[in-house]
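These are the structures, in structure tokens.
Two complexes come next, and they have one chain in common, chain A, joined by chain B in the first and chain C in the second.
What follows is the complex of A and B.
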């Protein structure tokens, strides 16, 4: 195969190939810088700009083992229950959303029922609703159901908000599976539910995993809903703790704040690193027609 | 088990994809549904399978009506054009899936039947592989095994050979036919390839625009096609057609067209002077010396095929295709004569296309 080489000065070539790196670098550097600052700030007593003052210390991290000495942690459950609450919240919302989304997505993708179009449009509409606008209405609903200030209530609300997105994503994945596989399952004797469970779900695994991770992170980071609907002590989440540390905003203990912040993002970082490999593997193995 | 379709119709909105089909496949017979794309053959098959519900008409397996039954209650096995193997399961799991769903079959019996089915189509060495690790031919055989493992009464195949390369297609044609005869199962398959239909089926149903055009043995369809469409569809290279006038001459009827005059061996009834479409297959026309035979024309092009040659001859306004023996040589532009075998002529009504004689 003959290629026509356009004569170019070798210097110019090297510049051009560096360009993508330059652009990406410029975009990434601020984020890296912020993370470095976060790290510094949490391990040193004070920090001016980027200059740490004082020696390396674990003092900011004492909320882990000695919460009584941290004023912002007064009237709050200790760190472990907070973490567990957050974990529970994120896991449960993502699992329930996954279950419902995968079933609803399948129904929208494959079944023909009255009002399907309307429902689908409604799902899209719901997705564009910011949670803030519905706060008051939700408050009333939760109070009426007796679910106000309960973890269950917030889980339900979070799940409800996550569903439109989840359904849309899962429907997309199901749409990509060829019809014959289902026809074949029908002929083989599988009913709808079994077809969904044995054939369709395994084939949308990448979608399920991706959605699950997204939903988990959303739940983990969720502040507004737990803050508004679970104000009392025992069932708070880490996000409310962070809010509490921010307090009035005038005198903020940045050391504590960044330490808690780092603590907060650590599980998600780990999750991403681990899941990345899984995701790659699944995409490589994948569905072969 | 026989299959009877009675006035079977399927409408999508106002469009009739399948229009009043009446068909019977005898027990153990291998029937082909043949036709161009969009003629309704796959829709018919899917109705037989129970995946589509007919708009009207009935489907009978043996002596019971099945058109209201779920696919799994019909006792059918089906092979799809794309094989539809479950990608996340091994070959053994794929083949065993229909049995898994039947609670009556225990694990041990299931494994044994899977092995038996796999052995019959010669994939028993591949039981632990995934479909993505198999070749096209192997995938198809796995699909066949899966269809047959539950010992169905009827086997349905949707374009089983379309996804295979030419060589493999030839091999699988014979294998499927042999398998069908061995198992003795009533089978219906759909294809757009007339060669496939002719070589594999006991009887072929030719369809067009949702309607049944002809239903007969391959030999019958080849020798006595019921109408022009069937005549043109069956046989490769396709039949030659030209309009002609039927005239009386010396006590017999001849078909006359520009540069062509043929005496008819079996003249149709009716008055002389009417128009008809004459059909003759390329293999029934012989090239003779210029001035001899029924027609004369000019050689247009010569295509050697090894075993024979396809010769296009320009006769007046028309180009006729003729099969010539390998030894035949001529140059483009040479004048040649054509002799038509009179018993091999087909006459069709010029408007309806129906067979006249």
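What follows is the complex of A and C.
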């Protein structure tokens, strides 16, 4: 990949090479302030504007070890089960979507079958379909299947929603693999399924990893589906907890909220730092609004 | 794209082999088809069918009736549909402009830096997209909060503006900012990779010819990323039309009656979350159906205008 070479001529153009830093630096301030505040605010009793009131404290974090003393947490499911639910949701949706979309992506890349083009176009169309349209009817579908207000139902919906993107990305990865490798296996009499599992999947491992991380983050972050389809009880996730506390009123306890928020966002931030390159590439390569 | 069957199988396949082959395809496609059928295709059909019934919490899943196009008539009898349509158009237009201009700006500026620094800036701009929507909304809720909290009040203080609760007083500003900063990263990523794909020779040649940085951007970079910019424009338009999550989490369509309510949020509120307790699935489904039709209409217009088919097939860099 080429990096853009900037003329570094002395004189008139000199200040121009500093200009990007200044302009972009200024434009990025709002984002920086928001995230620094999130971090900062969780360790002080109160922040007014940018000024902390009171000393450094872990008091906002006591929802982790002493939830009974936090009034906002009293009528809510405990934090650990919520975390487990969120983790379960993110892990299962990403694993199932990976499996299903790598199977379909392989078929689209390697097999010629009736309706291939129609399916492929349809998948792309589904990706841009307004989700609110699906949600309303899914309410009825989940009720009918007895999956309403259950984690399983929401996992299935999220998995399905991730498919159009996943299938297109996986098809792209398989398209990039030369087919002579797989050909020798097929000639030797190995079945398609075996070839796919033993030969093809290991070859697209980096792609699987990148897509897996992206799907995990999306599952972890998901708010609307648990909010709409799991309104009650112990099966909720961290997103609905944060939303619940935030929605309680206009004068909210920002100390507690930022602590819970930071607790919730931390795994995503760690993943982002570790796998930043992969995430950037898959976001840029795929189509994601 | 090479298809392996073209080599391994004779052109005139015996019926048994063809059947086996389709069976293999079915095996690989099966799980995806099942999920798509139950969670995409069925809901779409149900939405359109449902929009001609009176299904709501009050009727339950068994006591509903067909009522013809009454729900559609009701939408256009509502005194709010014009406001909400107007809101939707403003929302899409302004946030789109913010997304594309800022996304392009960040892409251009970040590639004109040391590669490391550019990467750091792009990572920072990607942060809002990878953050949970509720946490990102929490941060903006704080930024817009009334005194003594909030960032915006402290920022405008030196300019002599009264401190205020921004979500009440300037809801649109918050809606545009919260969506703008998220959406800009899409354009940034697509356009950054497009700029990086431009052959370096072109920049070197310009440099040798003594072109200034601004001339390079105007005469070389911008014309060469015309297609990716159009792609971002079209794609973002479609996503914005359907999106409502960040509005739901901040202004929730308010303050008051429908001040920042967009069409998709209206459908969501009507069918899935309202204060009256009666979820009107069928009425909401009619709104959602209109959203789909509007979306299709817009995509046809955009297809015509930008020749979308050519757009997606076009190589990243096109040299005229």
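Everything below uses one rule, namely that the second predicted complex is superposed on the first by the 238 of 289 C-alpha atoms of A that agree within 3 Å, B and C clash if a C-alpha of one lies under 4 Å from a C-alpha of the other, contacts with A are read in each partner's own complex, and residues count from 1 in each chain.
We adopt the following convention: a contact is a pair of C-beta atoms (placed from the backbone, for glycine too) under 8 Å apart; a residue touches a chain by one contact, two chains touch by 3 or more.
Small disclaimer: the values here were computed from a predicted structure and weren't measured.
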If touched residues of chain A are counted for chain B and for chain C, the larger one: C
Touching partner for A:23 - first (chain B), second (chain C), both, neither: second
Partner chain in contact with A:186 - chain B first, chain C second, else both or neither: both
Which superposed partner A:203 touches (first chain B, second chain C, both, neither): first
Touched partner set for A:217, first chain B, second chain C, both or neither: second
Partner chain(s) touched by A:150 [first = chain B, second = chain C, both, neither]: neither
Footprint overlap on chain A, where chain B in one structure and chain C in the other make contact: 183, 186-187, 287-289
Chain B to chain A touching residues, read off their complex: 46, 49-51, 70-72, 76-78, 80-82, 84, 86-88, 97-98, 101-102, 130-132, 146, 150
Contacting residues of chain A [partner chain B, same complex]: 178, 180-181, 183-190, 194, 198-199, 202-203, 286-289
List of chain A residues in touch with chain C within their complex: 1-7, 12-13, 16-17, 20-21, 23-24, 27-28, 30-35, 37-38, 41, 47-50, 99-101, 103-104, 106-107, 109-114, 119, 123, 126, 128-141, 143-144, 156-157, 159-161, 163, 167, 175, 179, 182-183, 186-187, 192-193, 196, 217, 220-221, 223-224, 228, 238-239, 242-243, 246, 250, 252, 254, 257-258, 261, 264-265, 268, 272, 276, 279-280, 283-285, 287-289
Residue numbers on chain C that touch chain A, as the complex places them: 1-8, 21-22, 24-29, 31-33, 35-36, 38-40, 42-44, 46-47, 50, 55, 61, 102, 105-106, 109-113, 115, 117, 121-143, 145-146, 148-151, 153-154, 165, 177, 181, 183, 185-186, 189-190, 192-193, 195-200, 203-204, 206-207, 210-214, 216, 221, 235-236, 238-245, 249, 264, 267-268, 271-273, 281, 284-285, 288-289, 291-292, 295, 299
